[in-house]
Amino acid sequence: MALVTFLSDFGDKDYYVPAVKAKMLAVNPQLNIIDISHSIDTFDIAHAAFVLRSTFREFPKGTVHLVAINTTGSITQGYIGIKLEEHIFLGPNNGILSLLADHDPGIMVQFADIHLQDTTFPAKDILAPIAAKVASGAAIHDFGGPLTNFRKLMARQAKATKEQILGHVARVDRYGNLITNIRKDIFDKLNPGKFTIEFGREIVYNLNKGYDQVEPGDCFAFFNSMNLLEIGINHGHGADLLGLKYDSVVFVNFNL
Amino acid sequence: MALVTFLSDFGDKDYYVPAVKAKMLAVNPQLNIIDISHSIDTFDIAHAAFVLRSTFREFPKGTVHLVAINTTGSITQGYIGIKLEEHIFLGPNNGILSLLADHDPGIMVQFADIHLQDTTFPAKDILAPIAAKVASGAAIHDFGGPLTNFRKLMARQAKATKEQILGHVARVDRYGNLITNIRKDIFDKLNPGKFTIEFGREIVYNLNKGYDQVEPGDCFAFFNSMNLLEIGINHGHGADLLGLKYDSVVFVNFNL
Amino acid sequence: MALVTFLSDFGDKDYYVPAVKAKMLAVNPQLNIIDISHSIDTFDIAHAAFVLRSTFREFPKGTVHLVAINTTGSITQGYIGIKLEEHIFLGPNNGILSLLADHDPGIMVQFADIHLQDTTFPAKDILAPIAAKVASGAAIHDFGGPLTNFRKLMARQAKATKEQILGHVARVDRYGNLITNIRKDIFDKLNPGKFTIEFGREIVYNLNKGYDQVEPGDCFAFFNSMNLLEIGINHGHGADLLGLKYDSVVFVNFNL
C-alpha cells in the first residue's frame, strides 16, 4: 500500500484536510495517508520545515510527502516536485522544500501549466492529484519540466569558532524542551574535552544521556535523536521556567 | 480497501473516537477510516454539516460516511442511512443529514429495532457496526425499512433579488477567512457587470482570483473552490479585523 | 492488514507522532496505525490508562497497542511487552500497563538489552520497531525474557459497604460529563431497590437510560457503555455547573 504523508497548517476544524485526502483517495483508494501535522501555526514555514526535516528520513524510501503551507500566497512561483535522499516532496515553490536538507535536491520539477488550474485551493486541486499519482507509480517529471528557479530560504545556522558555538532555539516542544540548531558533529569536532553550555541565566558543565538523568526540576542538556543539542528542565516546562523561546540564543563555550 | 469517513464532536482526549474506530475494525480490519473532523464544537450541527457538505463529493463514489453529532440527544428519532449522490451516510435522524445537499436523498432507511440496542453510546454500538458492514459490501436497506419521517433542517439561504443578494457568513475558518452562503451561479445570473460587495464597514468593487491578489492587509473577495463567496484579509485574520463572525450579513449590490 | 494502535502525550505540533509512525511503517508499510490519542496531558498516566482501558477491548483480538507516556522518565525500569485478554501492549515499565485491567497480564516480557539502545526517544527507537514486528507476526517473547518486576500502580477504587458506595470522578469528558469509578456489577449487587446518588450539592433518586432522558439543564445519572456510573447535565457542562472535577467524590447511598 503506497504511503503519502501530509503536512499543512489547515487545523482540524475545517474541510481542508479531509478534502485533500479525499482528492488523493479518489485517484487511489489504496493510499495509506499519514498525517505529519496540521496544527502548524498558520503560515509558519520554519515550524513546518523543522517538523518534516526531523521526521521524513524515518519513512520508507520512496514515500511521497505532500506539503501544504502557504500554498496560495506563493501562486506566482508555482508548484514543484523534488526528489531528495530518495524521498519525493510536492509543494509550493516558496522555499519550504529548501529547508529540508543542507544540500540541494537531486531532481527538481516545475509542474507544467497543463496540470495547474485556476483555483483558490491548490493543495486539493493541484498537489493532491499529482501526489496520489506519484505514490501510485508515476514520476514527478511526468508532470512538468526542469525547475530552474528553486526558491531557497536560509535556516538560521549555528556559528562555530574554536572558542564558541553560538546557536539558537529552533523549536520549543510540547513539554517546553528547547531543541537548538547546534549539531553533535560540530560539537564533537570542536570540543577539547571541557565546555560550558549557557542559556538564559543557566550554565551546565556536562552532557546528560536523557531527560531523567538529572533530578526533576534540574536542567538537562544532551544531543537528541536528531543529533541536535536539546536543553530543558526534567519534568518542568523549560521554556517558561528559563525564560527562553523560539530563536533564543544558546552558547557552547570551549575557551575556559 | 473500503473507505469510511468519520465525523464527530468527540474531541481528541476521550475514548469515544478510538472506540468507534475499533468497533468498525472489529467487523473489518481492512477498513481505511478517514477522519473528517472530531473538533466540531459540541452539538454544533451547522458546523459539522458545513464541513461534510464541503468535502464529501471529493471522496470516491460509494464511500460510507459515519456522522456522529448529537447522536444521543436524538434517540427518539432513531438512526438512519441515506444514499445521496452515490455516497452513503449513516447518522442520527436529527436533521444533520438533510443539510448535505439542497435536494432529498435518493434512498432513506430507518434502521430496524433489531439493529438498535439500549445504549448510551449509539455511535459505537449502533452506527459503527452498520457502517463497517455497509463499507464491506452490505446495503443500508439490509438494516431496516423505508424512512418516512426524515427530519429536515433549513440551512440559512442567501436571499436574492435583481438589486441585491443578502447572504451570511457560514463559516469562519482557521485563518479568519469568511466563507459565505452566496453562490457563484446565483451571482453570475444576476450580475449586470457592475457590483459592490459590502461586509462590516468595507466595500469591495471587484472579485479577485485568490488570497494573494491583493496586498497583505487588504480585503479580498472571490468565489472559492466550493463556488461560495469568500472574503477576508490577505495574511490577516479577517473575522477579527473586520469585526465579523458566523452569521454576520454580507451584501452584494447590483443597483448602483 | 495488521493493526497497531498508538497512544501518547506527544501532542500534534511536534515531530514525535509522525516519527514513531514512520519507524513502524519502515518495518511494514502495510500497517494500519490507529491513533488512540496524542492529546493526553503531559505525563498523565491516569488519563492515558483510562482512555486505553475504555477502548482496547473493542479492537480485534491480537491488536498491538503501543503506549508512549512518560517513556523517558522510566528508562531505568526498562521497556516491556505484555499480553492481556489476547491483546498485546508495548510500553515503558512505569505502571501504566498495570492500570488496564484488574488482573495481571498472562504473559509479561522484559525487552532484552540487544533490542534496547541508548536513545532519548525510546518510543521511536525501541518500541516502534518491536511493535511493527509483533504486528507483522513476531511474538513479544522473541524480544526478551520473562519480566519479574512488573511495576504496578493502584487505580483509586470505589469503596463499597452495604450502606454506601463511595467513588470518585475518573474522567471529565469533553462535554463536561463525569465518569466515575463506580461499577454497575457492584451497584447491582448492593442495591436494595432504593438509593440516592449524591455529588456536589445534587441528589438524584433514580437512574436514567441516557443523556436525553431528562430535560436539558437537569442532572442525569446512568451506567454507561463501560458499565461505569456517569453523571452530568443534559446539554450542559456538568463539571463546571456542578463544581466537580477529576477525583471529586460521588456517593451512592442505600441506607435511606
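Order of writing sets the chain letters: A, B and C. Residues in each chain are counted from 1.
To be clear about the criterion, a residue touches a chain if its C-beta (ideal position, glycine included) is under 8 Å from a C-beta of that chain, and two chains touch if they have at least 3 such contacts.
Computed from a predicted model, the values in this text were never measured in an experiment.
Undergrad: Counting one step for each move to a touching chain, how far apart are chain A and chain C?
TA: Graph distance in the chain contact network comes out at 1.
Undergrad: Between chain A and chain B, two copies of one chain sequence, what rotation angle (nearest 5 degrees) aligns their Cα atoms?
TA: Answer in degrees: 120, to the nearest 5.
Undergrad: Pick same or different for copies chain B and chain C, depending on whether their interface residues overlap by over half.
TA: Different; most numbers are used by only one of chain B and chain C.
Undergrad: Between chain B and chain C, what's the gap in Å when you average each chain's C-alpha atoms?
TA: Centres of chain B and chain C (C-alpha means) sit 32 Å apart.
Undergrad: Mind pulling the residue numbers of chain B that touch at least two other chains?
TA: 1, 12, 32
Undergrad: How about chain B: which of its residues touch chain C in the complex?
TA: 1, 9-19, 21-23, 25-26, 29-30, 32-33, 42-43, 72-76, 118-121, 124-125
Undergrad: Which of the residues in chain B end up touching chain A in this complex?
TA: Going through chain B, the ones touching chain A are 1, 3, 5, 12, 32, 34-40, 47, 50-52, 54-56, 58-60, 171, 173-175, 209-212, 222, 224-225, 230, 234-235.
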